[in-house]
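Consider the two complexes below, in which subunit A is the common component and subunit B and subunit C are the respective partners.
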Partner chain A sequence: MSKMINSWSQMRYFKLLIIAVVLVGLILLGLFSASGFLSLLIIMIIYSIYALAYDLLLGYANQPSLGHSLFFGLGAYGMVLPVLHWEWGFWAALGMALLAGAVGGLVVGFLAVRVTEAYHVILTALIASVVFLLAKNATPLTGGSGGLSFNVPPVVFGPVKLSVYDPETNFFLVLAFGLAVYLFLRRLVGTPLGRIWVGIRENENRMVSLGYNVYYYKLAAFIAASMLTALAGALYAVRLRYVSAEFFDFMWSVLPFIWVIVGGIGTLAGPIVGVVLFTVFQIYVSDWWTHYLILFGVLILAVLRWAPKGVMGYVNNWLNTRNARVGDKHGGSSASHLKGY
Partner chain B sequence: MNDLISTISFMFLDGIIWGFVIALIALGLSLIFGIMGIVNMAHGDIFMIGAVLALVLGGLLGSFWPALIVVPLLVGICALPVERWILRPYEGKPLTTMVATIGVSFIIQQVTLMVFGGEPHMVHEPIQFTIPLFGVAYSGYRVFAAVIGIVCIALLWLGLHRTSFGIYIRATMEQPEMADAIGINTSLIRAVTFGIGAGMAAFGGVLAAPIHKVFYLMGADVILFSFIVVIVGGLGNLAGTLVAALLLSGIEGVLCVFFEPINARVLILLLMALVVVFRPRGLFSA
Partner chain C sequence: MAGHRQVILRVTDLVVKFGAHAVVDGVNIEIYSGEIRALIGPNGAGKTTLLNAISGIIKPSGGRVVFRGEDITGLPPHLSCRKGIARTFQIPNIMPGLTVQENIWLGINSKSRIPWHPFQEAKKMANVSKDVAVLGELVGLADKLDELAGNLSHGDQKLLEIAMAMSLDGALLLLDEPTQGVSPREIDKFISVIKKLAETKTVLMIEHNMDVVLGISDLVTVLDHGKVIAQNLPAEIVHDERVRQVYLGT
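Our next item is the complex of A and B:
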């Protein structure tokens, strides 16, 4: 055949095309939609950052943390408190939020990375619930469950000052962060560091035998995920102009876990698909039924049943079988020849 | 000084008595994890269902006692199809079972909220006598609940160690494939064990109904504590789970003498975190 099908490079262009279409679509939506819809999009992008951060940890470095609300809350308070008490600017406060996430990640990771599986789950959940209880109690500092409101300072780009109180500005700011995080992670998982994480996920003992210091690599993933989670928390606080001890609530640890598992663990598109699915569902179904969480539960079970590797796992599977079939038509790929043996 | 000692002893005993309810729940959790590898995030909600059903049944019949037998049976039987038809495909994959049972937990909570409403209820203690304990008139019902808890745990132990069905359960726990190969109906064992675990949580719920405020989110208080108890006691180690439940509840009670309850909770959680870090296979591992 003159036309050889190279499914790998084809898939790559296909993926880039989808990313471009989504991005252009988002920009158009940002320019032309009503502020109510914009606010939904903003929330979804912030959640996506959180989900991507969590997938880096769970899907790539194989650490099932159930305490990431800790870093979400730390990021939010890291953003709000300097603005409230010391009148810091936007970027300085955001830097503080990231720093809080990194330091928190270092301290928790120092302990949690040592243990795996169920022990990791419990330890992270324990530490997060300790902080949640303390934050609820420390009302003078955190505002407790009632929370603290704050005025978001203008975002300064050189001579330009932008106000996030304009929905469009807020949207494009969040979109820029979301895109940056996505591209950063896309690049990161392809680097040697990313491949080492995948190696650890697939066979940790082997990586130890090969001479990698698995502890440091896992700690690095934990800290990176904590920082990105803190970024999501800070942006969420900016969006709400508000923060409360409820940011540390266990629910905020469970959500990213659901998004990632349902969307497709170990892929970058999966977490975003999970977020979109659940957020759209939450917004629209909660409108006509207060007890929408029942359907939320049914949705989780249905996705797990029909797509055990998440929505993206299902899609990838479908694409792969389709490619294999196309390959057969054009003279057959080597893999399908081997199948009979 | 004497006062302090008697206060401490009192709080320790009070903690241990609540510890028996926790132990029931945690043993169910441990059993379910041990046999099926299901990390049951809905366990706290099954506990809640037990308490809510005890409230409803008590209201209907005018007596608390029938609930002690009816509710665990009912919940246990309802749990059988949940295991067989919903959770079975994910067994042995802890992460997936976590998400699946979170889904189940949403459904249980919201259905309860929908049917019974969200406001907390109190159930009157069905027996009204007090026992003098370190100079305090202690609620007789709590002691009674602990005794029933002990009886239930003893029955579980006898069931596991002195009946053939118990041997099948333990065989399935140790070597599922081998158990299957020698003709044990492991499919049935799994479903029934899940039913027993759920029934135990519901039983704990019935016992806790007169002690704890009954409302649709009451499981959340209990679930983390039970999970920690299971881990601290050693995964799949039932005796360890029991000891850990009693010890941790007792210590929390003592800490309440010196600190505000919320700080006592923080301290006990930190203590458990230390155990998980330094003895990750449980306090009582070899």
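Our next item is the complex of A and C:
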């Protein structure tokens, strides 16, 4: 293993190998797992999409939103309402969910991107809280806290019609979306736009002096993250066949923050690791202690104390240090390219 | 020189106030194309504030900044950069978590305006990679392109800043104390780099090291309490009684 990962190109192949192994493992689990475990996997993949979207915003474009429940809820209602009221098909409703996320992202981002740090946190949290209250009270439209149930239309691929009521179909549909989002973001962060976001994260003022209008780039990140969050919200509503005003609850704004901080900010694998850790904790530890969140709080403190960049940040640092040592020993470069990819 | 070259930057009656206090107080400067102009003066004279006002980081309280015949007074920094004004900072202002080549790349990318290339990997853009290598070579960082910028020595970070400013291919470079904190044996490297870039650019440079000022500048402007108190050739300025009094201390 140590020889295998002694250069960046080998590290790239090693990472691709891990992705392939995880993917094959998930496919096998999808084919052979009991429906209960499958349901857990579906939820974790949906959460992972949400976490990846949030990491794009926080970890790459340095915007600590605490109001992303707004887009999660918008995505869910964007999916459910057209099906419920106008009998739209799956793809059209999903398109509406993404559009709702994009428009919501544009409107909120137009204001929120102008402010930074604590002001950004407060403004996004405030806007989401107001929408949460409105959604709770607009019962005829949203169903309030009681929510709305709906029949999910079949997913049409040409002549093939698939029903998400079948757990395996639902799993593979969600897995396909999860994989697509991961690969899309993996590519995006390496493009000029992705590198500009990382530059803004590293030193926003310098980017301004380099001629970048950072407002537009940050707004683009905000809209992209909002759309992907809406996708997660839509898939979650499809999974539950239900939506309620509680989708806008503040908890849904805090969760992605925790996933990203624990798993590894500014990495793509980190948010997924954060989701797995948190969900496993939530499911299994809560079985033997109701107040499991106290333990999770301790876990967060421990991670922030010993691995401030999260689990994957810690792993990447370890690999970078190790590679630098190997590079020095062999007279090579101590290249550190892992960050951001 | 003034007779042969065009004025590239004209600062007229420029005032920058912080509250009631005028840090820059009615400054008039003309910089000629291809010139290396040194800006000297004691601490608190308003030198960096003047550079900030020219580059748009601070909005002036009064006066005008005209660059290549266009009034750019109060233009935001990203727009003044696009007009052709690039700058460095007194304290290295880089992206510490990115590699040296990524830092330079961000400048080149800004100049070439190709941010919306949806599926092309930034580091595989052949033309950009070539420019990064050329600039890395020019400032002597060719063998450190893969290192994290935050791991470079102070001197190398200053050189990286110059490379980043050059990557923008602007007509005017504003250098804020390029040799500040640099070890004496590295100074020659900086002098050579600045001379090299002055072959194609105009340079306005704040500098405290008089050997550097006298060695490479065409003209020296002296600032004190926000006002220009003298302007002359390097060889003459050291004999100016007022300059000796307020700055050189002899």
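In the analysis below, the second predicted complex is superposed on the first by the 317 of 341 C-alpha atoms of A that agree within 3 Å, B and C clash if a C-alpha of one lies under 4 Å from a C-alpha of the other, contacts with A are read in each partner's own complex, and residues count from 1 in each chain.
We adopt the following convention: contacts are C-beta pairs under 8 Å (C-beta built on N, C-alpha and C of every residue); 3 or more make two chains touch, one makes a residue touch a chain.
Predicted, not measured: the structure shown is a model, and the values here were computed from it.
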Which of subunit B and subunit C A:R187 touches, first, second, both or neither: second
Which of subunit B and subunit C A:A51 touches, first, second, both or neither: neither
Touched partner set for A:I196, first subunit B, second subunit C, both or neither: second
First, second, both or neither for A:V276, with subunit B first and subunit C second: neither
Which of subunit B and subunit C A:M207 touches, first, second, both or neither: second
Which of subunit B and subunit C A:L173 touches, first, second, both or neither: neither
Subunit B and subunit C contact sites that coincide on subunit A, given as residue numbers: none
Touching residues (chain side subunit A, partner subunit C) in the complex: 187-188, 190-196, 198-199, 201-203, 205-214, 217, 333-337, 339
For the subunit A and subunit B complex, residues of the former touching the latter: 58, 64, 111, 114-115, 117-119, 121-123, 125-127, 129-130, 133-134, 136-137, 250, 254, 257-258, 261-262, 291, 293-294, 296-301, 304-305, 308
Touching residues on subunit B, where the partner in the complex is subunit A: 39, 86, 89-90, 94-96, 98-100, 102-107, 109-111, 113-114, 220, 224, 227-228, 231, 235, 262-263, 265-266, 269-270, 272-273, 276-277, 280
Footprint of subunit A on subunit C - complex, ascending: 55, 57, 76-78, 81-82, 87, 89, 93-99, 102, 105-107, 109-111, 114-123, 125, 146-148, 164, 168
